[in-house]
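Presented sequentially are two complexes of subunit A, the first with subunit B as partner and the second with subunit C.
Presenting the complex of A and B:
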């Protein structure tokens, strides 16, 4: 019976993962990059690269706000942090309806205090982020449904994979390179077993977040389970609030993820932006008495230092009610979460009044209610809301392992069946999709980043063009894979992807207004890390190319099919045979 | 703190590696692990992993510490896998100088 169980589990593992494996690979790859979506958006907005760190970002911020909105109801300032070096400013002019918290109305270079208003419109990291749970070009429900179903099958594959794996410890650390199938098995096991906690976590939480889509009788709720725990941050209630013009909004997207905003596709946002102007004007109230209010000077810099000392952590953003008046109240929000159960919010706050006295100090304990708590923990784990730079990298690293797991699993299937089944329709279908789904995905990703810099900055509908570049590159790879994969398919596609990634840093420094030395001098590590990861990806791709090339060149040994991927030689042989 | 935790985790995983048949040979020369030795190595290995949680707790609050510790477990396991594949001498060195598990070996039958 034991053997029977294991055998059936192996079957289940193989087929439950195979039918969705290319979706899973795309989801894993884009999802892994989505941990750095604000950083990617920063890289993809070279106009922001010029901004330089400053010791007194607050001075620049308040100077600017005083010049544009001296009588505002509120000011909001997001300080530069490890994810983005620019200042994001928001204000609500008097009588104006409350703005959504996400995105900035003005992006300021903290050193010079000038607004950066010519930033290009880019899909940025948000496209990759959105792609990883609702794909693209199909309706949002369908996309989520597909990803949800795929993650369900992935979960099945993980569980059956654990059961079928007899001795987890026996080959825990084993990696045997250069041994054909054994190497792929090892890569698959290393990728999956070593990061098993992560895989279980990410799949389960992903499934959980999409649960509402899969429970079709639940109805009406686009984002699964949102209503259960989504009452913590509050911005959902502001769903009807007017949207800002797209350029302004795009400027600092990704800083404070806002579900309501994520809900909307790019196009939909454009339309709501136009509609949004109307209520803004109708709701404008006349508040003449406030116009002649007295300006009161408040030493923000001093309060800022106090707040930082009180909270014991850096301040992340500041909001000021009735700025520069006697009844101003200034709230500083910290950057570190006290508890995982908040997927949004959950950071300590200190509020001062105009006299510089602390009026309120709060350190949130955690979400209220067990359901909200569970939801909060699961969601912040999946989305890395809590994450500082280190955890973000740890999540990214685990995500890379997951990508390795899915990719090696896909290749393992065709590797194992190559000798018996090559030429058969099913096998050829899988190997074509493997090529397009794995190598092609890298080509598409590389093309996406290239498109960001090559498409002129002031083109209309730029972000859509970027996305189209991604999809067209992928489509070309797919067509190539279907019709020409036997002509060095892997070699060429991986080489193309490797070249794209290898020259990304060069492209970055050529097309960005701030060159390499400027970036190092300014300490723009977000951008430099992106370039380093691009180089590492390129190195990985070129290593694969090197092995493939060596294999393709090695003559003879007909009984040893290609180690890594179906190379042209053995397949040509089968062609002539059949 | 992170580096310390990572080092402790790698050392802990070396104990687990030493208890497998393949890497037992690397570390002890020949033979195969007895079940008593295996249990002993696992206990010591788990202790290393548990101790690695302490520096994390020092640097972060409890919830974050656990998340970071788990993340570092992934990194440590991969680091050790690569070391064992491409630089086994280093693992041998580490075993000789930094692993408490070897102290128990003479007392086991």
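Presenting the complex of A and C:
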């Protein structure tokens, strides 16, 4: 390479990022939303908005379980938390096959104790979460390969971007608005440097979460890995996950269902159980009596308080083996991943017997060995499971800056080459992809949320329709970008996206059974925060529209006097005089 | 780009950095694995973390060297020597 290190790094930075920049933008944008996937799913399930917090959710849970599955082998209770206000319940019938260990499932309102049976099927935040690491409509392996390769190129772009900057921190404090290319450079640098540690961390950790795919010589999926959808691919985590993990996931995913099919399947099982209540209960009671399993009274509320005191943190999950019998075993688990070093065995647990005596108590010892510890910390950082609300917002805003960094980088490339390369095939291709990849992505996201409320709640396969709305909106934007981008492409697509996001809160309060005042009264800040973020997104998009509109109305460069260019030297005094 | 000279040498450099760099990162990771003695889960965690650091470093180095020939030669030689060492050390995939 000629031209020295800085020039080589500039070339590497430009091209390593450009060839995948639209994938990276989509990955960053959807990945950023994934920090709030449970909250997005809550917003996208308006039937849950009526759910009200309760001081006695455990009473509601046990009352419901006793009425529906009094003689189940196990009960699983996921208590409401700051991310979801509903109770998630699972139970496993006696003799139920192992592969059905997730059992039936119900989501109930903790205050009223009634099941929310009619909740709509939605792809929710899970679609965005999964999209950010395996895309959609292609095989899982192919999606992970694409995202993995794009992440590797992003990692190269970040490191080469740091090397190429002469004065990276001085540049950070420079912003030159209204200077065209210089403004884009400044926006790109600010977005990059402000959250640089986050960008490095999220890219690097994203890479090794996809290592099962990228490092085929490692053994990949065969050795354990990441064939399962819910996990990002950490083979170690999957392989070493404790036996109870699927049950826990089942309880949690009661609020964020992985797929529509799964949701339908679970609901079907629950309906079946409820429809056949009487004979089923009688049959089970007889079997229970045969086994000398007499119902005994267990003060779960008291055990709950004891468990919290012993663990030193709020209880999040409860599982009860042989519930309400003399052989009962009640296990309370704390917040699943409350520290960065949780990795395996990071959840404190306390188990009681039916007499209320502690039979087992475990505290998180963390992972064994330095490698597992480092891996666990890095993995937690990427997934943000450890994060409380404030930290989650910080991660979210860092993700927004990452999205700005990628988007401004893409636009910077076009801006720099507009004069020389406009009309050339490569330049026009990048311009079209920039428009569809950036503005179009916002339109698609807005359409996805709108589809969630417009498609009737009882439509078959509606979660697939939500996803189709996302993809169709994106495709329309791409077609517009390819054929009509010069007809105010940016202005129109950003305005459409801005409008979609601006009216999302209105749509929310019109179509949700709980209005704005109800949401405030119920303290449903998850939902209100979503609406506020939608309004802020709309404000950002409309600001961009305003500047583009202003720019379109100002005379073109050719017609403006160029202040930088010196006026032609007068040929002679006569010309000067004239 | 002024920083580049010739289409084919550049293509060769990109391929060397991408493919040769991948192979070199792999063997560096495997050798480190032999040295550290990690096995099973720990070995996979270790390789997952180390590989990408090695890979990005090699790509950056591959593009920071002025001469195309030197870059290609260096990565080819590095691969030859390290894969040989790994083989002699009794390594197997």
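The criterion applied here is as follows: the second predicted complex is superposed on the first by the 456 of 578 C-alpha atoms of A that agree within 3 Å, B and C clash if a C-alpha of one lies under 4 Å from a C-alpha of the other, contacts with A are read in each partner's own complex, and residues count from 1 in each chain.
In the analysis below, a contact is a pair of C-beta atoms (placed from the backbone, for glycine too) under 8 Å apart; a residue touches a chain by one contact, two chains touch by 3 or more.
This one's a predicted model, so the numbers in the text were calculated from it and none came from an experiment.
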TODO: Classify the contacts of A:8 with the two partner chains as first (subunit B alone), second (subunit C alone), both, or neither.
DONE: second
TODO: Identify the partner contact of A:190: answer first if only subunit B is touched, second if only subunit C is, both if each is, neither if none is.
DONE: first
Task: Contact breadth on subunit A, by residue count: subunit C or subunit B - done: C
Open item on the list: With both complexes superposed on chain A, which partner does A:375 reach: first (subunit B), second (subunit C), both or neither?
Closed with: second
Task: First (subunit B), second (subunit C), both or neither touched by A:198 - done: first
- [ ] Would you tell me the residues on subunit A in contact with subunit B in one complex that are also in contact with subunit C in the other?
- [x] none
Open item on the list: Help me check something: in the complex, which residues belonging to subunit A touch subunit B?
Closed with: 169-177, 190, 194-195, 197-198, 337-340, 381, 386, 390-391, 394-395, 397-398, 401
Task: Residues of subunit B touching subunit A in the complex - done: 2, 13, 16-17, 19-23, 61, 63-64, 67-68, 70-75, 77-78, 80-82, 84-85
Task: In the complex with subunit A, residue positions of subunit C that touch it - done: 1-5, 13, 26, 38, 41-42, 44-49, 51-53, 55-56, 59-60, 63-66, 68, 93
Open item on the list: Looking at the complex, which residues from subunit A come into contact with subunit C?
Closed with: 1-3, 5, 7-12, 152, 155-156, 159-160, 163, 204, 207-208, 211, 215, 217-219, 223, 235-236, 239-240, 369, 371-372, 374-375, 378
